[in-house]
């Protein structure tokens, strides 16, 4: 099962849980799965058929440009983090 | 930039005629490093710009052992600090001519322009006051001579009447055992406006100050001649105490403002530091000058 | 000046290649030393007229009325535009590749609607036959304002009852929208471990507050644009920008055009550093062109640039850190309040990701506040947000080392983040070079060199920037003589045409002279995100590598066809195609190139990428200073910059980034600031009084490139554009502390500030 | 409206004649009337040096010179530094030394540096930094610029 790390600002949706084990082979599966156990999570993360543009998903530490389509391994760590671009 | 007409007179008389004719509507162009910025920024206006660089009398440097040095009002800084007579007799003038602006500005800006622009921060003015310089002003009613310390009347304002023109600057021949120096404080090492500046000159008489002059930049509405600081040195032995006293008098005389370049307190403090440092260097120069 | 007894520029290389790692002359070099290169302001078109922008004299005011009739009557005026000429964006949002933004914020910054929110805010624009006429006509526009009290700093703007900039801005509190009208656009938090327990375990706790001033990127070339609204409704724009596709998409959104109707040609660009990402004058010039029927050029004045474009946020930062006597950091807490300027979007999220990134600390809490104030809407500036944050963190880390009596680099090494360290914002670090950078600093001759004399001190600091990936595209065409043309979409600000071409040359085994790279317009290459985030050499470079591999694979098939062998048997080594099944066949790239037409037609390799595997970069400084205790002036005696480049594709330009970033960091540390009067007027909006370092203010800047390969890039490149600006203010503050025993917690540390700190230390009062 | 003025000057070795308004700066005329856009505008008040040109043997910021002042003068811009197709050593050394990044301050710095080398064949680092203090560069930190000027000085001495 993948481990999803819940951002502090989302924890009231998960009854305060910070880490949740979830089944799923893509980030989308995982979000759907989470939303069943903790309704509202999907609204919080997803906008239509994509992650909210203000969010990115990091799987095993690597921010994925694929968002919901990103594959997830059985033992993956999944983080939802703020999307930002640098400037130079 | 607003529209204006351009004239390039070749004689003082022609220049004076143009300036008299157009009065307040005419601006003199020497190096242009101040006036063009002011016209572009709308801080000053002009219907006529009178370029004085083609007037021979305003463009020469003349040195004479007895009468001293005369520098045309339009002579750019680089010609001042590259001039052999100036290097030999007026190191205090070399100091200031080589720190106004950067290399490019020094290729255009003149000591005369720096004086006429009458900025409180004008670096050349305290240096010239210390050297007892005077300006030769020509106008419709003839010529007159004005001590540099009396030239600036307010920020951006000077004693010139409509139609008048600063023709040249005159520096008396330096006395034996005399020395001068100008230093300023700026946050950068170049291309900056003085937060404060001190121009000094001293004349020594075996171990004592015979006389001295101190003037400050950026600490009053006009470059500030601190007569009493010089007077306090006259007759005193040359030592740290006498110099320190003069420096403190300069600090007391300063009436600075708070702005983006410094605070009142900091500027007054700098007057003491810079006057002291300038006096020490001037003394060294005087000792080497027989 | 720096001691030359050792190599001033070291490269601690870990792997060598044929082209990558060499120092060829850049392809655009000749144009740029002869004055032939065409920058935005150099563009000219038949019938070109000139635009100028009227800007607000107030920092905060309601616009009661705008009367443009007198300006329109001016004989030389061809068009006048105001906010009324642009559709109201309502609550429409746009995704410009940097997250979701409210279109109204961008649109109302381009031309103020109803309110002006900072001095310099664009209000109207004029196009006329000449620049002089346009400027003259601006004076004929009559605007009636109702001035409102300005708020100029984050703490001021966050106070209850502070004057509000926006009538409809409510705080997003910990991710949830609220209905509280406020200048705080958002408050977010990162948490890791148990902060209370962490501090309880600490033997030494230090807590301090810091303030940093608004500063500007200070590129030498002012913003400029030339726009033509053609009779078929298509818009063409030539401009100096870091992001031609961003300009295209934003302009299309503001002018309600399909993107296909807007073409943006990026000219050569005179510096950006993050400040040439946002849109300011392009839609305005386009509207002036539409109204006048002429192409219109607008070039900003220097004052426009300083007062009307996006500087980087000023900030108020609180940092508290706890460490055990054995030098183990156990807790860290930060509150970051960043000034967004007129519209939300202060760089506080990246700041929160960097503030403690260098250290492996079990218990961390970070609060971030995005606060609007009556200053120009801020933009990115080289590692945006991170420099302010590191100024705070590194001060405390060095102070801890001093109190614990340990070497400041040892304390950092003790707690350095490494692969697997969990960041406060969640993810674990992939392979990073924090430890290697610190070790290089410790073993560098500068660190052990004696530093004698009064009022002298040495300081150190490090900084982290995560860098960006984002989309890039590249096409490569093979020429019959064996050379290739490479087409990409990343404006070249520091030699990236060449660093990208080198990566393609490496893949195809070609000499760099055989690659001809061009940066093209938005119709001529696939979407490419901004030149920013230290991403070009990494991401566009990766696109070039993939496009080159595509060329290679296609050419392998051609070779196989010519030899009548199976393509699987053909290999490609250092520019030679080899088939070893039975008889050995060999053909060089140059021998195969002329045979393409006859073997199936020309070959074009292509790639579009949006790469993961971004490699964050650590940078560090060692700096020696001398302070004049009577004036507070700081003189830098020696400066050495360190950075993990992953792999330095073109070491000279990596050094250039490190030296340039260091110089900007030094300016930020010592003199640069937006000096605002109480009414919100910037008092130093010229390059005379906005004091960027001159050649006489800096020593040689020695460099040490560390190469900890980024696993996410075939050659290991990380991207080096940004991290280098982070450490200088903190390193200088540390050096100043060691020189005269004062604690500088405010930027800039200019002579007045240093003098006042010295007076305070000595108990000197007014 | 006042009349335009006719000006004759020697520009990059060739006699040229142009019409200008008295209010137009030399920078403006070089770029907009004569098409020599190599000279750049960075501040228009003499503080950045991007518009540096040689004016009667001295470097000046052309934004602070009126075009009408060019009457009878000799002007050299960055376009006049190379000898035909041969880059001047200072240009070659800037390329080899990676002394430019964005390149917008480069024309002014090349004109200024050439003027320095013409009067001092072996300037110290200090002198180079002082001479170039009116030329702001925001990309390089000046390190590679100063080194490239030193390299050009050597190259020119070898050539002698």
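Going by the order they are written in, the chains are A, B, C and D; count residues from 1 in each one.
As a convention for this text, a residue touches a chain if its C-beta (ideal position, glycine included) is under 8 Å from a C-beta of that chain, and two chains touch if they have at least 3 such contacts.
In this text the structure is predicted, and so the values were computed from the model without any measurement.
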Just by CA atoms, which chain is the most central one? C
By mean C-alpha coordinates, which chain is most distant from chain B? A
Dist(centroid_CA(chain C), centroid_CA(chain D)) in Å evaluates to 29
Here the gap between chain B and chain C, centre to centre from mean Cα coordinates and rounded to Å, is 44
Expressed in whole Å, how far the mean CA point of chain A lies from that of chain B is 70
Going by the contact rule already set, what residues in chain C reach two or more other chains? 132, 272-273, 688, 693-694, 696
Shared interface positions of chain D, touching two or more other chains: 21, 23, 44-45, 47, 130, 132-135
Touching two or more other chains, which residues of chain A qualify? none
Each pair of chains that touch: what are they? A-C, B-C, B-D, C-D
In their shared complex, at which residues does chain B touch chain D? 1-6, 8, 29, 31-33, 36-37, 39-41, 49, 51, 53, 76, 78, 101-105, 107-108, 189-191
Contact footprint of chain B on chain D as seen in their complex: 1-2, 5, 21-23, 25, 44-47, 49, 52, 55, 58-61, 63-66, 68-69, 71, 112, 130-135
Sites on chain A touched by chain C in the complex: 5, 7-10, 44, 52-54, 58, 60-65, 77, 79-88
For the complex, which residues does chain C have touching chain D? 1, 23, 25-26, 28-30, 32-39, 41-42, 131-132, 217-222, 268-273, 299, 301-302, 493-495, 652-653, 655-656, 659-660, 662-664, 686-688, 692-696, 698, 700-701
In their shared complex, chain B is touched by residues of chain C numbered 132, 135-136, 630-631, 633, 670-671, 675, 683-684, 688-689, 691, 693-694, 696-697, 750-752, 755-756, 766
